[in-house]
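Have a look at the structure that comes next, please.
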Amino acid sequence: MQAARPLPNYLIQRYQGWKATTYSENSAWYRRLATEGQRPRAMVISCCDSRVHVTSIFGADQGEFFIHRNIANLVPPYEPDGDHHGTSAAVEYAVTALNVSHLIVLGHSSCGGVQGCLDMCQGKAPQLEEKTSFVGRWMDILRPGYERVKDSHAEADQARALEKESVLVSLSNLMTFPFVKEKVESSALTLHGLWTDIGEGSLEYYDTKSGTYQPV
Amino acid sequence: MQAARPLPNYLIQRYQGWKATTYSENSAWYRRLATEGQRPRAMVISCCDSRVHVTSIFGADQGEFFIHRNIANLVPPYEPDGDHHGTSAAVEYAVTALNVSHLIVLGHSSCGGVQGCLDMCQGKAPQLEEKTSFVGRWMDILRPGYERVKDSHAEADQARALEKESVLVSLSNLMTFPFVKEKVESSALTLHGLWTDIGEGSLEYYDTKSGTYQPV
Amino acid sequence: MQAARPLPNYLIQRYQGWKATTYSENSAWYRRLATEGQRPRAMVISCCDSRVHVTSIFGADQGEFFIHRNIANLVPPYEPDGDHHGTSAAVEYAVTALNVSHLIVLGHSSCGGVQGCLDMCQGKAPQLEEKTSFVGRWMDILRPGYERVKDSHAEADQARALEKESVLVSLSNLMTFPFVKEKVESSALTLHGLWTDIGEGSLEYYDTKSGTYQPV
Amino acid sequence: MQAARPLPNYLIQRYQGWKATTYSENSAWYRRLATEGQRPRAMVISCCDSRVHVTSIFGADQGEFFIHRNIANLVPPYEPDGDHHGTSAAVEYAVTALNVSHLIVLGHSSCGGVQGCLDMCQGKAPQLEEKTSFVGRWMDILRPGYERVKDSHAEADQARALEKESVLVSLSNLMTFPFVKEKVESSALTLHGLWTDIGEGSLEYYDTKSGTYQPV
């Protein structure tokens, strides 16, 4: 590996700040976590977006959340075909090895991935249609969501509606995994759909009864 | 989507705490981030492990890092075959759309995914060899790392050595992406390999010259 | 311009050191900052004093803080009379063109400007009373602060009290700028008053509720 | 002062990092600086721009540089009219009270203030012409520079040329201060004009002999 470079100084300084404060104050707990292993209560699937850190929103400390982050917080359908499936692997590990109690999917406003999907489905982003576009092929997962959104919402509202659909598509796909379905049905695992507005700091959850998102 | 449930109370309470403090103190900035879009300086690829939060280690605030988290911080090789590739999509978006300046891969001690790979490669985990094992098929990405580790390290040291190899495998695979290679070669992007010890709070970076990890 | 001289060697050497290390490690980011423009999160108004570098105290990297430094971190009242007002221009640019989210005024211990104001107000520095004294006329801005301090503090404590008043005078004057007041009232901008002890490395913030400075 | 708010958490964390590392390693020196007072070798006049930190470029540690930062690193002409003059006060204090040996003016590329002056002089920014525009009235100081640049440079090159003129205008105006002129003529003080390119990290100094900027 010839290309690697040392860490930029500003990150070294910040790391040393963390070491001297947060780590120093919690080293006993961190040592126990290292020795005894992690025992997270929930898995969170959220977006890579730099403006949405679930560790901040829920004040998640070391050891609490097993967090998978990908573009647009998507879970693909169950497809055990022997290929690499990073998201499915993370879900499998959390549910079958770590036995998390909650599986939370967190969507958010101004999602670039969702906007790309919208543009693609509306024929405005031909480059995303190409076979070689990883973002395009990843956002294919959300196409069924677009089908539900395109007629029921005015064009100005479709991006937000599709962001919220991205959470529901993921939850539906999660239920296609046998080990998820089984645990949900035996109440050993609960699923939760959330959506947050970056600017307003608001949080909504998907309410099954009404079939709508409600403020937390 | 019938399976979703409301958010557990303990998380509602924490969210309200965040809203009343962190959000409230920074709402002007969060609103700007929502309006003007994100402009992260770095992408970080780290593990889902609940004990390793890069947002904490580097004091990363909203807007700074574009973060992808998967099991064992792995990047698969470039494979534009039209299938879903969540990690490749995240890398593509960060490098070509967001133009991040740094791409950091962060490994860690006591990594369950790496341990699974080691067990699998040593013939101790037949269930991970099955085609239907998402974790096994995901950890296949790390097999070339095992080949380098198995003869050069005593068995007791192989887990840690393989954790560090997982970072190097990812960095090497990143260089198989044309858009990464091109930017690295033109100095528009730098790659960085890091490994942290959960219990000790230490941080090491991969030093190209010596071909070893060095303390930060 | 006949008087300019080349840079002293010791500074050339330091610059070369920076170029070979910090710049080299961050050139991709610096190029982006040059191309895309700055987007600082906060403006800081602090003293010219060589012992107080806010870039160090807050680990501020390139692009983060818009920094105005003048003697005693003072902001004069809003006075749009057509004359040159460097501080007012800096505030106007930060708030209306850059849309910073925070405006921080940072005072400090052993401030020579504040001591000069104290001496002048106590009749001990006639030279500062002269119309031609730029320092004296600049420190006139702080006279209202002296009025509040002179009776409430013993003489030995007046310098420190006046240093802390210099921050409050600036914050009050900031609120006389219509574009500051409007943004503060709409929560698009927050004001913060800080004071640091050079020798102890301590930091205090002005707490509105108690009307006193509190340790950070 | 009712408007002040506590410091945002991310800055508290960074401050604590500085306290635990940089301060802790240098506390003996900082205590001496507090007790014995500052004795800076140079005064630097640079821009407020968040992308140009002279403390970084010259690795300036606590106690070395007395730093004044304003928009476009401008010094107005000597005008002892009894009004507030923040820049003149800083120069007076550095030269007559601190007896600095060097006075360095540092300009930079992509300067928003200089661009504003250019727009204003070319009739493209009527709002900057208004009496109430602090930025416009501050940039009036640079108008003589525009007069020199407008005919000698193609329009595409005028911004950069004017950035470099901003340094020369300041140096010329500095020589109108009697206490500066006298010390320069007796070799007790040297003036230096610098200009840095943010993206390239390059540094140029004004060479009196050739009347041009030369790479350092």
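First chain written, first letter: the chains are A, B, C and D, and each begins at residue 1.
Here is the rule we use: a residue touches a chain if its C-beta (ideal position, glycine included) is under 8 Å from a C-beta of that chain, and two chains touch if they have at least 3 such contacts.
Because the structure is predicted, anything quoted here is derived from the model rather than measured.
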Angle (degrees, nearest 5) of the CA superposition of chain A onto chain C: 120
Cα-centroid distance, chain A relative to chain C, in whole angstrom: 42
Rounded Å distance, chain A centre to chain D centre (Cα mean): 46
Centroid distance [mean C-alpha coordinates] between chain B and chain A, Å: 14
Of all residues in chain D, the ones touching two or more other chains: 5-6, 8, 13-14, 17-18, 22, 24
Overall pattern in which the protein chains touch one another (line/ring/star/complete/other): complete
In the complex, chain A residues that touch chain B: 1-8, 11-12, 14-15, 17-19, 22-23, 27, 30-31, 33-35, 37-38, 40, 42-43, 48-53, 55-60, 62-71, 74, 76, 80-94, 97, 102, 104, 109-110, 112-113, 131-135, 137-141, 168, 171-172, 175, 184, 190-194, 197-201, 203, 205-208, 216
Chain A residues within the chain D interface of the complex: 13-14, 16-18, 20-22, 24
Residues of chain B touching chain D in the complex: 21-22, 25-26, 59, 61
Complex contacts: residues of chain C adjacent to chain B: 25-29, 31-32, 36, 39, 41, 99, 101-102, 187-190
List of chain A residues in touch with chain C within their complex: 5-6, 8-10, 13-14, 17
